[in-house]
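Each chain carries a letter (A, B, C and D) given by its place in the written order, and its residues are counted from 1.
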């Protein structure tokens, strides 16, 4: 494109001002939507880290007098401002407490699947031998293995817990990372700088870790943010089908699926946790869109241009 | 004021980039008349393409912005017309061809369809367009034109693709043809053919030809007038002869002075045991033989150039010697040991002694590593060379040695220009203190002035450090200034080898002679006289 | 282009067809939407509710029938009368002029075949489970009389015969997908997973029912089932959840014969201590559930069978809600060295009934409030069965299993052995007196039988405190206003189309 | 080409065999169907009888050998629940799922490609932002939630559509609509990204220089090239639909293979599970091969 030709001049490539961190923050500040998303996620993370220690008791103690208490009323305390559930437990408190399990499942599953998938993808992409073939067949098998069966198997044999749920969801998501990573590696390993490293005598390990991996990571991170949403929804679908996390543990997905039967007369039971899922995934999506722009030199000007005007 | 075919007046174009707005062209004016060839000469980043892009409405707005100026075509300012009005002019009245025809042809449609589309987009029926497409293919000399219509761009050679582009551009018999570096990616022999074709077609149709190029030889070969650009400004205009012989602006003088192939030729002095002896080296991909029994010697501290056109196997030779690919047969004796048969462990030690500099430094430097990391990686791989404590010091030394500043160590490759990047690549190669550096087209992607600097640097390293070079290039003038011995390759075969003087002054093989003849001299007068002598056979080639 | 137009035309017509189809439904047709797929239409499996609701007494009839609307007495169906010939033999007199839907005539041979088929080891018929280890030998007396000999004596054989469907003697001894019966309807269409259509047949021996055609469809979501009746896509939706029963004019509650109870592991400390079990009973505020988590009409239970069952004592009092008393009992037990602080496990089953999770969570809260150290574990059905039934897992925690038991048969014999005898599959109890009472009652008849059962119930509740009885549950059915039909306790296992009238 | 297809078929068959082995043994780890099929108070004798009848008493390896032997004779075994050949049960359900998946994917692809292309062409514009936001919200909403709300709104409150079931075209609208949302958002994003990078490619510049109309640049020149990465995503999404849209099928009473699968899994109807997995896996493998051939069709540079 034309702009890249222009950017090719040495004069144009002055070092941007400030450290990397302040530059990123400034770019975040430019994209108001992404900024809101970032702040929201920060709140969610805070809730996930500290919520259960502060509110666990309030969130799990039944109080049948406040059963299905409607939202926007302070009659049952400020924590019930979003209403109360079928056992009269304040929804706000439950959402905050549930954020820990929800985030644990989502983060755990995404991290595990991304890690395993990326490692396998690197191996499958870089080794030309039989190992790569075996890994790809494995991916085929996982892809056509119904995740529900896997869920039932694991949860039957190991009982439904956050850890096991992570295992189930992680396994089903591995092929996504594996295939993407492999495709990227296949392309990157043909690049000139990889050959340059070979010529210098770099070992395979070094080439994979120092030269290929850093290029693949942004793609993996982008997929991971999108997958976050997917995993949260998958978790709630499992709860809906009765094979996910079981009470008295709570996750947002479980709250939505439990509140589903009250949709007609107490909409808030399913609505608020649903909204929490939507807002979190939306925030992640917005942030990942923003990140894609930041990581793409062709598009980065969109965020930086306004800076120079300001 | 006379009416020109097209006239650009006081054009200012800005782009918004990471580092703030950049003025790409600043008050550029030029004009083109019917039947005339105007060349815009400039190096990369000079803004030479921008005004043509403005004519063709190819500037992306944003990030681009046309701040001032006008483009007059038949008395109308193109910049003030609506999108649709401009669309009707594009292709039909003003057509354009580009540097890299493979990238600029849509890979998923047949060439027949793409040529026809030029016409159907301007209201010609599909049947008539198909007919004309066939005629055009015949005219630009594509073999088997009927069959070619249904084939896809990747199935043609580089020269043929550029002919396809030309056929497409000329489909509507435009008044103006803009050619943006039309021959840069082509071999010299093909370049000559394409330029001849353009000239000939211009004569037939009387169109105005705007040629954008960085190559003085091309200017000398085809241009009537020339506009020299530097840093977004026009520094000089005039006829091609005037500008070459009486350059007024210092930049132009520098540009002309940097043109390679003028210096004294080396007289080989090195003697002794060969550092590298290649014996009957072969390499085949399935049924295709890329190397057919190559043999030559390379003495310590000596430069051997391997020249040849694309597909001659010269890059395969380099890759095979570096064990990036496995040879099919033959030997390559490094200080007496066959490196093709070495174990991985022995090879690891050998890697220190043979280094490589690649063609495109923007590709061969990992974009995510700083210059310090790039250079010091050599010592991370071979820890016995240098203790970690001395890395910083040594990086600074190396950077100074290749003409960069020690401060540059913290920067990343994308913050450098092409020439600077190639210096970094050279510094990286030097970090291992090698005996031999293989340069695979190490300077071909660089502008002439930069090219000259890098060659000078390499020459100095040879003298100071006694490093031998295997210098792979397609550009003969560069080789002439730098090499001791020359090996000419064609189609995987070694055609001729000899000292640089033997090859350039008394070539024995017809292929070597053709190669030398196809090269363009920056002097318009020289080119004019060459044109006369080869007029007949060049046409016959079409 | 022309084809495209045609396709569009076809699409349009078939879209209109839906509104047409809705109109075309006859006035005497009903659509019934069920929550559970009917995967088999095997008559000998008719005691399973998803099959029974379709075929029991509609296609396949039984010799006797429980009259749920009339104090659960037994009334004749294919048998006109029956008597005990000797302690081990019952004689049934069969109805005459009855034909099967395939045209063949009903006679004693068919009854004999039906019994033998149900008991055969070649197929796993569900009916046979009600007979336990009893050996049954039918012998044909004449075309319309049959003797059934049992070993040992079976005092409630006529009651058991209300569970055994009669098939023609030609029916092979393997699961059939085309049930033939003597009922007023025959199977007209069966598209597995989608719909089953029954149509009235000619030549039924009884009165001609009002419903001419019944279509069964399946939706697992209760809200969808309720919505379907609301929109007129269906006429009857049994077993919708209380949350979906939002319209009093069309939603009717009915006792569904299920009893919810918690079975403490009586064999394990600290639950083997009676005081602890008593404390469990006193810790739960049963009344607070009714009208909140469980619908109005839910009855507090003292026995594991519905109160209409024979022999259930009327004077059993539920334990009072007394968390302080419970704490005191626990303290007492603790003082005696009972390890009351051991972590207990409250085990629930997902999808047991709507709201089960909330009920379990509320129960958990109450137990915790009374000072129990207890955790909740919800399990999917297969795992749950593994915990509920013997053999019990080794090394398990002391468990409190919350289960539902269904006995709509009118006699406790179908429950007591399994739940309370030492060898009972779901029993953690090992009490010789209980075993003895069960054995006696099972063999007894008439008032003696009822008295023994009554004694057993009282002993279990007041003296042993074997378990924590909670509720006799109710369900809701949504019924189209065009129908004249009130659901009864029988709706849990059958849905007699002949009971449906139109307004 | 033929060689490529042969290679892919071989690879797929290897995967299929692996899948069968894995599912056979893993599914049997989830417990014995006896407890689920027989009533809770069935006698030991009945249980024994049931196990005998369904061959559950033999060692696993014997059961597996028998299964494979039958499979080689194209006998997929009987469904314990439905007392008929498992393959019939599965095929009947698969037809529904297949239709649902195909119709949904066709609609999703069309809509996502058109909207994604237009959004990319006006990147950063109002339409782009609107469509992106909509697709993001859609992708983040739990489908069972959307389904129930849709039924409450469209069927009960407005009486526009039937609540559930099959029969007429009207019945298909809501299930397809609910299934549509997530793949639409995802594919839209991919189309948009791919279009953005393709729009910047050299041949688009050529097309502009040729005076080709904008519409033609987007939908003729750019789209075909931009679709290449999209096809993979479409394939992935189609695969997950072919595996059965469990939630949607459950709620709308759609007799598809997803609902069948979850029911069979919960009831441990092993033969049906295996047959269902084989049928869907086969469909997915065939689709993947077709996708690779589709690449070759779209891009003349690719030759197998």
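The rule is simple: a contact is a pair of C-beta atoms (placed from the backbone, for glycine too) under 8 Å apart; a residue touches a chain by one contact, two chains touch by 3 or more.
Quick caveat, the model's predicted, so the values are computed rather than measured.
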| item | value |
| --- | --- |
| Interface with more contacting C-beta pairs, comparing B-D to A-D | A-D |
| Core chain by centroid distance, with centroids computed from Cα atoms only | D |
| Approximate Å spacing (C-alpha centroids) for the pair chain B, chain D | 49 |
| Centroid distance [mean C-alpha coordinates] between chain D and chain A, Å | 23 |
| Rounded Å distance, chain A centre to chain C centre (Cα mean) | 45 |
| Mean-CA-position distance for chain D and chain C (Å) | 37 |
| Chain C, residues touching no fewer than two other chains | 223, 380, 382-383 |
| Residues of chain B whose C-beta touches two or more other chains | 58 |
| Sites on chain A at which at least two other chains make contact | 1, 152, 156, 260, 263-264 |
| Pairwise chain contacts under the document criterion | A-B, A-C, A-D, B-D, C-D |
| Touching residues (chain side chain D, partner chain B) in the complex | 201-203, 205-214, 216, 221, 224-225, 298-301 |
| Chain D contact footprint on chain C (complex, rising order) | 11, 14-15, 17-18, 21, 37, 39-40, 42, 47-48, 121-124, 126, 128-129, 132-133, 174-175, 177, 191-194, 217-221, 223-224, 227-228, 230-231, 233, 380-383, 385-386, 388-389, 418, 425-426 |
| In the complex, chain A residues that touch chain D | 1, 133, 136-138, 140-141, 143-146, 148-149, 152-153, 156-157, 176, 226, 229, 233, 236-237, 240-241, 253, 256-257, 260, 263-264, 270, 274, 277-278, 280-282, 285-286, 289, 292, 298-299, 302 |
| In the complex, chain C residues that touch chain A | 222-223, 241, 243-244, 246, 288, 292-293, 350-351, 354-355, 357-358, 360-362, 364-366, 375-380, 382-383 |
| Touching residues on chain B, where the partner in the complex is chain D | 56-58, 83, 87-92, 95-96, 98, 100, 103-110, 117-118, 121-122, 152, 154, 165, 168 |
